[in-house]
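Going in written order, the chains are labelled A, B, C, D and E, and every chain counts its residues from 1.
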């Protein structure tokens, strides 16, 4: 899928995306481009539609209008239906790693099986090779010694790191993080952030929804501020966090940075 | 089913299995009794293979109407209402209602004495119908599922008297000797017991009646009576 | 208590107990397929198929079991549907318990956190694969519990198949009381047998449950 | 097979009377089994370990044997020593049977109320008993409603089993009518319908109750 | 209970408290005094025993050694037993308001009933008077209009404010807060902190366990740093946060302030 595209194709393109739940229009025409190897943070108040946008990229929410492209391939395909679309979307999703706020590890599988289930079942990877890959990934997130443990016996931070390893095991082109650390005790946030910084250093393309302003500022190449389903402003994180153009952004940041500092 | 269908298969006969001495299960688990022997004797005369089964009373009626079994040889009384739904053979014995009380009871000597008492009868017997239809506003009725529970009811005092076909009670008394006695309350209706089959099966009906006449004629019938009811008993 | 009698009738009751076990076990087995079918029908997009399944479940759960038995066994022959008593008991039992079981299965599937489906789908698993590899293994524990309760109900309700002349434990007891006039002895025996059967079922459920929840209790 | 519902109409008043008796039994049993089940559950979870063993045995005994057998036992078996009227036997038998089931549910829902609730109440100064009464039991009850509803729906259908010991409920009434008229299927169909209608109303009631309490969970 | 004591009796005194769970000694001889009208913050890493200490004050954990006094009255009374102790402790607890991390509101009662249940049932307060008191308290935490709402329809921040109102309804001598805001979304923390600041202004005696360093520094009169079941140091918050004596404190603060700023 990827080889045919030029390297300057954006990795993720979101074009004029609209989404409503019943009467409530949650996304009112969002545009966003994430270039190859770049890290984009999305911030905004609760209920502004950040999660919905991220979930739309993964097609966990079906958008009403607009289009979303992954590496030049269109994700939402209202023209396809039934099994054909099912195959299409499964294929697309294999190229996106998603990390959820509540981890959503598979509790009935050991850590290593959580990581290797995808490669084994979806890519038909040989058991031993998958295991090797899995161990490598667990090592990368610092959990090699927990391979045989079941998720219930892990701390929140460890769970999230396994979830990241699970997503990485599919060798995705882009990673989507939806408040990956906000369900964690303050102590445990850093260990997850460290893993995410590691990914950034390896130039993984990432789209991050977060409430942690400091982390967003440090790690990202581009930042977007959303409110009530619209993009209020987007620019470099340096500018957004120190000198935003919009009053709404200012207000939000004042409230947020004020609380935490 | 009609006779020709039965000939190719097995003659399915049903009884209640809980009505000694007519049909009951011995401690070996075999279904035995007067009705069973009659069924086998008739089948032999008709030249068909027979399978005698038991089913609770509710099932028996449904079975007859729905055609589940071919015949009910189960001491069923032949009444006008029932004839609307099934056909009856010639009677194969005649049952008499009798009234029973605890050994120490002496205040029941006529039907009028039933007033205010609790009267037991068993589901499906004509005695039950008689008691319900005549008891309205006079006495309380209690219906039992089978004679054993009714006798239990009488000896323990749940009911003051019971109305039942006489033969089974007499036989049960030989077995168990409970402290109960029959009282004469004057004339009670009698119904003949007959074999019931599904409606509109003339061949089967004819064959049954013929076979019945034959076993009566050749002494088989009396032998069965002697075996189950008592030496030389006359229940025709 | 007449112990001689109890000894004498024990083999008979054991044989009847076997019928109880046989009818219950086979009803359960076929009922499971009925239940799966009903769950499957309810996932159809075409509404009338769903309505059919819902309606079926509603009617079966809304009417007494013994009436269902009577209608099928005795009413069946007049529309050319004739089964022998045991087969009929199993047949009606399976279709009856299947309705209850389908609700139990559906409930346990729905009890699995939606996040699990989303996580699996986001990895790229298809619907069927998600169900098989992720949802069902997690639903299994609850499913075993609730289906297990139904198995016990089924064993106990099997006493009702006596109405269609299947000689199972309760009916055999009644018939023996009919000839021996000894209710206490015989009921005690058959109660003991039921307890043993139900206890065995409970044991099996417990084992299966432990197996299905290994990962949470390790 | 031809149907003739004439006899059903003739005997309809008897059936209705049976329905009345059945409903009376069902209402008493519902009350008894819910309250009793709750008491048994509270005792076995909280109050007394020693007392809880016989209670558990009681639950176990009633959950492992068929209702029909329990009824026979109470009616005929005990009849050798003590005479209990049929309707009372029916109420006791059904009542104990479902009390056992309900207790089982309540035990689970009581345990599912988090320790945090207990601690919060204790930290306000409520005693152990007051905490159970004001905090734990109401929440356990609300959580139990869906399952209790299912049990009560089953219980209503089980009142038909009482015909076996001569309680004059609707099946019993029909048995007499059937044995006189020989019209079994007509009566069965009508009875199935009656039960189905009752069942629908009960399900609606349950759904309503669940909606009414959903926001208190 | 209080009138007989002199106003210079400390409100809470913790003396040489030891507590073990099985083999694990969680509190290894803690001493702490909270004076009337003062606010003491307890900070320390996860697992250091902060919650255990606070819960011991409320006798939710039974301590193994040492004693705890509330306004001069001893809380733990190993000499009492059965119903006598039950009465004693219920009485003691009425004088302490406890606020939990997970709110523990009673979901089957409306907001106002959550607040008034205690006064009504424990103090036999008249229904109407209790309601008036309840409304006043709800107003104080800014939730007067939510009186009839059930807890499930409240946000986390609102829940915690109701929980505070519920505790206040018993007119306690001291309030105990165990990470009152750490289960809340960042947005909602401030509304709870505001209520706590309000209490501080009214000179409520408070004992606060928290991970929020900034808030602890701002609000408290005294701060204590715990680690592994011992008091590492205690002093004024100004000193503790800017210039602690102990290396362990330093290390902890560096890690924590570093993450959040």
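We adopt the following convention: contacts are C-beta pairs under 8 Å (C-beta built on N, C-alpha and C of every residue); 3 or more make two chains touch, one makes a residue touch a chain.
All of these numbers come straight from a predicted model, not from anything done at the bench.
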{"item": "For chain D, the least number of touch steps when starting out from chain A", "value": "2"}
{"item": "Chain pair showing more contacts of the two, B-D and C-D", "value": "C-D"}
{"item": "C-alpha-based rotation, chain A on chain E, 0 to 180 degrees, nearest 5", "value": "180"}
{"item": "Far-end chain from chain E, centres as C-alpha averages", "value": "B"}
{"item": "Centroid spacing, where centroids are CA-atom means, of chain C and chain D in whole angstrom", "value": "20"}
{"item": "Where chain C and chain E are represented by their mean Cα positions, the distance between them in whole Å", "value": "53"}
{"item": "Inter-centroid spacing, chain C versus chain B (mean Cα positions, whole Å)", "value": "36"}
{"item": "Computed distance of Cα centres, chain C from chain A, in Å", "value": "46"}
{"item": "Per-residue overlap in chain C, given as positions that touch at least 2 other chains", "value": "70, 74-75, 78, 174, 177, 183"}
{"item": "Chain B: positions in contact with at least two other chains", "value": "58, 62, 65-67, 152"}
{"item": "Interface hub residues of chain D, defined as touching at least two other chains", "value": "1, 76, 79-80, 184-185, 188"}
{"item": "All touching chain pairs, where touch follows the definition stated at the start", "value": "A-C, A-E, B-C, B-D, C-D, D-E"}
{"item": "Chain C-facing residues of chain B, complex", "value": "14, 17-20, 24-29, 53-56, 58-59, 62-63, 65-68, 146-148, 151-152, 172, 175-176"}
{"item": "Residue ranges of chain B touching chain D (in the complex, touch as defined)", "value": "57-58, 61-62, 64-67, 81-82, 84-86, 123-124, 128-129, 132, 142-145, 149, 152-153, 156-158"}
{"item": "Complex contact set, residues of chain E against chain D", "value": "58, 60, 86-87, 90-94, 96-98, 100, 102, 104-109, 117-118, 121-122, 150, 152-153, 163, 166-167, 170"}
{"item": "For the chain C and chain A complex, residues of the former touching the latter", "value": "113, 115-116, 118-127, 129, 133-134, 137-138, 215-216, 218"}
{"item": "Chain D contact footprint on chain C (complex, rising order)", "value": "58-59, 61-68, 70-71, 74-75, 78, 152, 155-160, 170, 173-174, 177, 183-184, 187-188, 190-191, 194-195, 198-199, 202"}
